[in-house]
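For reference, the structure I am asking about is given below.
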Amino acid sequence: MIQTILDALSYGGLYGLAALGIGLVFGVMRLVNFAHGELIAIGAYLLIISVPTLGLPVGIVIAVVGTAILALLMELGVFKRLRSAGPAVLLVASFGVSVFLQRIYEVVFGALPLSAQVAPWMNGVIEIAGTSVTRGSIVTIILALVLLGGMWFFIDRTTMGLQIRAASSDFQTARLLGVRSNRVIGAAFVFSGLLAAAVAFVAVTQRGSVDPLFGVNITILALVGTVIGGLGSLQGAALGGFLVGSTISLLNSFLGNYRVYTYTWLFILVIIVLLVRPGGLVSSKAARERV
Amino acid sequence: MSQPTLTGSTLPSSAVPGVTRFRWPELLGPIAVVIAVTYVVSALGASSSFLVQGALVTLVMVLALQVFIGNSGVLSFGQAAFAMVGGFASGLATAPVKIKENVLSDLWEPLKVLSMGVWPSLLLAVIVGMVVAFITGLFLMRLNGLAAGIATFALLMVADNIFFNWRKIGPGPQVLPQVPKFEFVDEALALAVVALIVVYLMGVSRRGRLLRATREDGLAARALGTSVWRLRVLFFTVSGGVAALSGAMYSHHAGAVSARDFYLGFTFTTLAMLVIGGVGSVWGAVVGTLVVAAIGEVLLRLEQGLQIGNLIIYVPNGARGVVIAAALVVMLIWRQQGLTGGREFALPRFRR
Amino acid sequence: MSLLRASGVQAGYGKVDVLFNGHITVAPGELVGIVGPNGAGKSTFLGAMAGSVRATAGSIEFENQSIVGRKPEDIVRLGLSLVPEGRAIFSDLTVQENLRLGLTGRRSKAGAELAMEDAADLFPVLTTHCDRMAGMLSGGQQQQLAIARALVSEPKLLLLDEPSLGLAPSVIQDVFSVLNRIKQTGTAVVVVEQRAHLVMSIAARTLVMREGHVRATLTPEDVRDEAKLAEAYFGTGEDKA
């Protein structure tokens, strides 16, 4: 029972992080980055490749730096050149970048999964209140809390965070006040890369392997979370991701058979939210004008 | 910042690219090109003939995308769902009853005994596709821009989830085998030409022009309100029918059909073809399909190792996907209207 | 020496131009008005100056430097600040946060504290509400916030796009008296308004725009000349739009 709750919380935290990564970039750019999954994938690949030979701490650093670099490359190489494009073009472009990277991974790393034990201790158990629970779920919850807390602090208390919030609310006016558009967008991408790396760590320690399509499913579900929570609201994205993740975990634990149709219900919910309340559950005045 | 009123000024015609009125060359040109390519390539052999047939099936799908996205300016990821519906409808209606009884035991009884010829089954597929598109369109067409893109993506996810799992209405995770195949490439060619004509006529129609006008001016679209919604539902429905036709054609091309044939990969490839060729016109759909299919084939050969004289040229496995995806992104950055610039086929003009 | 000099400016949105021949000169410390009916291109003109709208032709020089095609975030750092139409405050941020954002465009970080204090002096209501969500303020308060936010970057030239829009008459009075005080501190001001009388009495010059062109330049004395006003606004022999 405790494990079930912990699982729900850890999945919730994981998807909260993933959804926040997507939400950050969406806020400043109106870009729903399908390629976010490929950021998660590169983090996973870097971990799988570097940890067995260089150890976990070095591996984590490499993964974090690598993911942030790829995120910046995406922005500088593609999305920067589409600044004046509408959200639909950006959507197709991100789809294109996503497939492009998936294929690159196939060429570079091969289509078959690569396996390695990144952090076997995550799958071990510890005793809490008389029951055994997996370390992984505890670590994930703690990691999610730390990162979400850190992001909250950054967004709410720092000057750059203020600029990001302003740019998310009204990009044009923010520029009129002197907010440097490229810097703000670049920062959003870098942070979304950091969040992706964290998601990669948790996911890859669980699964033990990585393949070119590693990030696809996580991104699709994280996207659901972002939309449900409200496009344009960072708290909404995190909350929406949390809800999606924890709900899926609970459904898996309790419903067994019927979980095959989970996606159907989730995506019907997405459609309903878009039709009825485009601002999502955490609606704000700014969000309503957006979509 | 308020938008100033445009009293007294009209949008210059160059502001609305693509088809404006019916011109014979614009229709006959693409048809001629498609027919020519089909027969020339088929003459190279049986496997080439099969390839061309596949390209024709894809062309119909790209046309389905064009008739909706090109005219309404609204992005849709959902057409693959209608292809799925059409493919299943036509496949189930023509697969031998014995096969259905043995392999797909959970199938709904009426679907098990359903049996008809290939051509009636195509019509069935189109009708079913249009009905499903109409019903979903009633809801989805209220949305604009990004919301529409995400909602239609959600539609695709729902369709995939349902068809992959619900064994009562389809083969579920299995493949539906033994679907009767097209004998010659002519059948697929004829259907492709029909699709071309339908899509072109929809584009040049008065309604098509009305819809395209809303594409340029979001405020005007909102002001027109229900009329835009109705137009979009109409074009979405037609798009669904053509997509269903493509799915049905696929089942008779491959001789089998499964849910995952019409999922993300298929959506991506057809969308890339349309964008690269040019979203705004039928000619764009044709050019995009031919160019991407050709490049794809060349790269496929190179992946397997192409021998030129004493030299064997190799590209790494998967390079094909990389090139096509890169081409899509580059086209969006460099020339959003695609290779054709959104213009229809035009005969070269001879000047003194 | 003119602070701002623009001529032949052409600009619009997408493929449609709205402004065809904008010209203006502003000397340091001057208050210039731009009036005219809806659709005249006034907002577009200000937008072209501030960099939020791209000028397709013409020249705009600020302190003898061309600023055509420069980004808005760079232009504000040169000393040209725009208060957009409809105030454009960030509703989901607090008053204090809105003001802090205004500091981003400062030419030098030194003096920021002083600038914030000066803004507080000009608009005491903002200090009272400094932790409230900006979206909760009344229209008049939001207008004051928008102006204060632009002022803390210590611009040499302040552009205002229809500050009276949606405000009650008494509030409008307050806003315009503030504009006068701003002018007296030596900051040049350009005010766009639909209602000429608001601006004409305090402006050194008022340009009248119609259909993308500057049709006339009026002086404070012309306020009483009804015929001249009407002609400039509506044009000879044309019906009221």
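The first chain written gets the first letter, and so on, giving A, B and C; residue counts start at 1 in each chain.
Note that in this section a contact is a pair of C-beta atoms (placed from the backbone, for glycine too) under 8 Å apart; a residue touches a chain by one contact, two chains touch by 3 or more.
Worth saying up front: this structure is predicted, and the values here are computed from it rather than measured.
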* In terms of Cα-based centroids, which chain occupies the most central position? -> A
* To do: Could you tell me which pair, A-B or A-C, is linked by more C-beta pairs in contact?
  => A-B
* What whole-Å value do you get for the distance between chain B and chain C if each is reduced to the mean of its CA atoms? -> 50
* When the C-alpha atoms of chain A and chain C are each averaged to a single point, how far apart are the two points in Å? -> 42
* With chain centres defined as C-alpha means, what is the inter-centre distance between chain A and chain B in Å? -> 31
* Can you list the residues of chain C that touch 2 or more other chains? -> 52, 84
* Which chain A residues reach two or more other chains? -> 172
* **Shared interface positions of chain B, touching two or more other chains** => 1
* **Of all residues in chain A, those that touch chain B in their complex** => 30, 32, 78, 81-82, 85-89, 91-93, 95-97, 99-100, 102-104, 106-107, 111, 172, 216, 220, 223, 227, 231, 260-261, 263-264, 267-268, 270-271, 274-275, 278, 291
* To do: Spell out the residues on chain C that touch chain A in their complex, using ranges where they run on.
  => 50-52, 71-73, 76-77, 81-82, 84, 88, 90-93, 97, 100-102, 104-106, 135, 149-150, 153
* Structure fact -> Residue set of chain B touching chain A in the complex reads 1, 73-75, 139-140, 142-151, 154-155, 157-158, 160-162, 165, 264, 268, 271-272, 275, 316-319, 321-322, 325-326, 328-329, 332-333, 336
* Asked: Quick one: in the complex, what on chain A touches chain C?
  -> 159, 162-163, 165-166, 169-170, 172-181, 284-286
